């Protein structure tokens, strides 16, 4: 990464104390950076400070390659957790799918626009149905059928593949398999799932059926980071749509589909634009 | 109830079979009624028929007082469950409150407009705080402090009072007491509660705190009929509002308050306009 | 069209009078039809009656081919305007596009699911950019460059093509040309446009720029039937999304894109499921 | 205003340049302030910088009374427009009404909660209907009937009254009179109106009727600062609700009423919490 024409993004969180914004922005200013966007928040109950700052790296006196180290000295003083990213370094996203195509379609279209900072080096599936779609978009498609016996072994191969492709983000685009804890721990806060309900309502299987039987008046979809506990990871984005008694279970599935793909796409974009800070079970979205 | 200037509403549900709409509308037509609004639905999976018809009673040949009996003969043929109401007979609503005033305010204001078919003969509370507000609107206020020991006894007195006042609908406007099964069974599908979450998420106590801790991106409110099982009765209406990490728990409570009062008010209006059919755990809302 | 396994849809509107529902449903019942869905409404101010009825044609004693004539005798009595369609006869939709692909993508995906009653025999464009996408989906693509001089001539060729392909519905999927009145009058209430604003706000060109400059807090998209007057045809569907001062004009365009494709797709589906009745400048959507 | 237990809010806008956040936050830090909330934005096209910072004044070395002057020296360097407010100094709001009570009710209820930084020293009306409501809440009510002849004279009296009561904010809560330019210029960006449409659609009179006739599928309400040009001032907040063909004009008015009061209340709260920066025709809302 060159400094020229590059935009740095700092995400930082730490216990609140006086002068944090001042010190951080002074650091950027004295090195010659021009802040484009800054969003800061102190949670009033938890007294916890969090910030996202994006700045123009042209004429910045610290080279991009040394920024982590240089800024780290300041962050140490705050007892802060931070990461620095460059928007021009596109995230490398592996999309995992099963048989449903709507979320994959959505992500392929977003990618095709060239407007978001990610690329899709490969698609992984436990079924063969969507191979044709992958080919249509000339993206390598890897088929790993999964059953109880081969699961750990297959996941190992998948992990190797992700490593070979230098993948940093995994998107489960209605992937109908539960990843093992061993897999998940390799990608902490880097695996994004879409669950087809308004979490925490209707976690687990067949959420539309659960919603239909309960008679809710609104259904939802939730995108979250995957953790060891099913459907309990930090929520990134949610959205809803109103339904009525006229909607059959099939109608719920159809309406929900439109939510799923938009919610997942929005979550992915927040992620690749480095707008998400994970604090415990919760996310902060700097939008 | 006179036929003149009166509007009848039929709510009916039964197993589907051919000719139901035809027979029902023919009945109305041949007696001289003019249908103002008709909404009918057959659930495709359950093969269950449900209908709401409203018609003008002017020149209707069956007197309002005999309509139940006369129509009952037809309904028997369908094995149908039905009720017939007249919009001009206002529902008599008892409002139960504790300390929060926002839902009570909302209902008092709706009532003050004179535009909805209900009246509020009395307000019941387990606290004295809202007595002043009741007085402002010149509505009798009854104070029944409740504790473990006196609960059943106090509820008995409340039930007597409701009976004296010929109450047909009870609205729990953030009433912070759980009604006993004995109370609930006296008013089947006639007690409307507001729960301050997007049910079934965050049932039980302190839903905003639960929502805050879970880190959801959207909060909701749900109005439902009260059944024996807490927060599990048929849902009438729900709505939501988007929140962000900037919202403290207190902000959630404030934002949620605006949902609660609107959702409860809309549920109440559906109820008093006889737009709700309860089928098992679900409602059909003819809106 | 065979009666067997077929579903008839009647859309009818006429001045209100007593007995309309009864007569219509009696007609269906006595011929042996089973009503699946009925929605009826009388506008209280205009005293205008409108209805959509869908029924199962199995065992219906009037053949599908004669239904129009047979029912017409009844409709004449009401002074009613009606149409009868069969859900199994898929609408034949021509999609007109220019350079933007998002609406086309959406419609292609919907079509690919096989779940909606339409097919896309051809795509028409005044640019060549989206030819590749049409080929990917193996749909004939016709390129008609348009300028002031050749417009009428090119439209004639387009109309011939639509006629050859037996097209009944034209979708303008961000087609950046204004159709001539001569074209429009060939397809009354059969040309569906998507306008990228919340109509009637920001009609005409560059609605996002207009919205950005006006500083609205919410943007929208509107799908409507095309009439002679630009952006003034009957509105079929609208939706909105909240924006903030943080959104640049480009962000508005991106957010709006997600609205446009969903709103257009929903409008198209209402149309091909025969859920739309046009009354003057307004539509009734039986959803 | 004492420094102790007080919270300062700075709103500032100026042409963008390097180091702005750094200088502002350094100023606060070196004087001993603890930043609670900071939101900053640079409009990418206009290259315009805007910021809202709130900080705890305990132990701040500059007295509240001198803060404007002291900070002004810094702001001069940026060529910036700014204001500094203290959340503990409640805004003094005059509510202007005519005959509709819903917006007044809403504001009275908000005020009664004691949770928002404003008070209502008086209510002004061109009708007498709402006097009773004002009395119920023990707020002085002033009746100024307005006609063409007496308008300027009556407005003068109103302005004197506002001055006597040290009013800083005027809320037009469905006040059915157009204020004269002379009145408006006395309260630049301090008069908040609610218009019952989704502006800029349906500006002017009878917006619900306009919406009904146009056949929109969604209606809205917009709160904005009043300027000389009717319904064209900077928009503060908007919201919408979905309608259908089943909604009569009266239903639109009822549904819209719920929007109006919430949208106006939210706008008022943004205003009294000093979350609004006006830039030309647009507002920045730091929420």
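Order of writing sets the chain letters: A, B, C and D. Residues in each chain are counted from 1.
In this text, contacts are C-beta pairs under 8 Å (C-beta built on N, C-alpha and C of every residue); 3 or more make two chains touch, one makes a residue touch a chain.
Bear in mind the structure is a predicted one, so any value in this text is a computation, not a measurement.
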Mutual neighbours - chains that touch subunit B and subunit C alike: A, D
Interface sides of subunit A and subunit C: same vs different residues, half threshold: same
Chain pair showing more contacts of the two, B-D and A-D: A-D
Chain whose mean Cα position lies farthest from subunit B: A
Cα-centroid distance, subunit C relative to subunit D, in whole angstrom: 42
Euclidean distance of C-alpha centroids - subunit A vs subunit D, Å: 37
Of all residues in subunit B, the ones touching two or more other chains: 37, 41, 44, 246, 287
Residues of subunit C that touch subunit D when the two form their complex: 41, 43-45, 50, 198-202, 213-218, 220, 234-240, 244-246, 248-249, 281-285, 287
Subunit D-facing residues of subunit B, complex: 37, 101-102, 105, 109, 112, 115, 136, 246, 254, 258, 262, 287
Subunit A partner contacts - residues on subunit D that touch it in the complex: 16, 18-23, 25-26, 28-30, 32-42, 44, 242
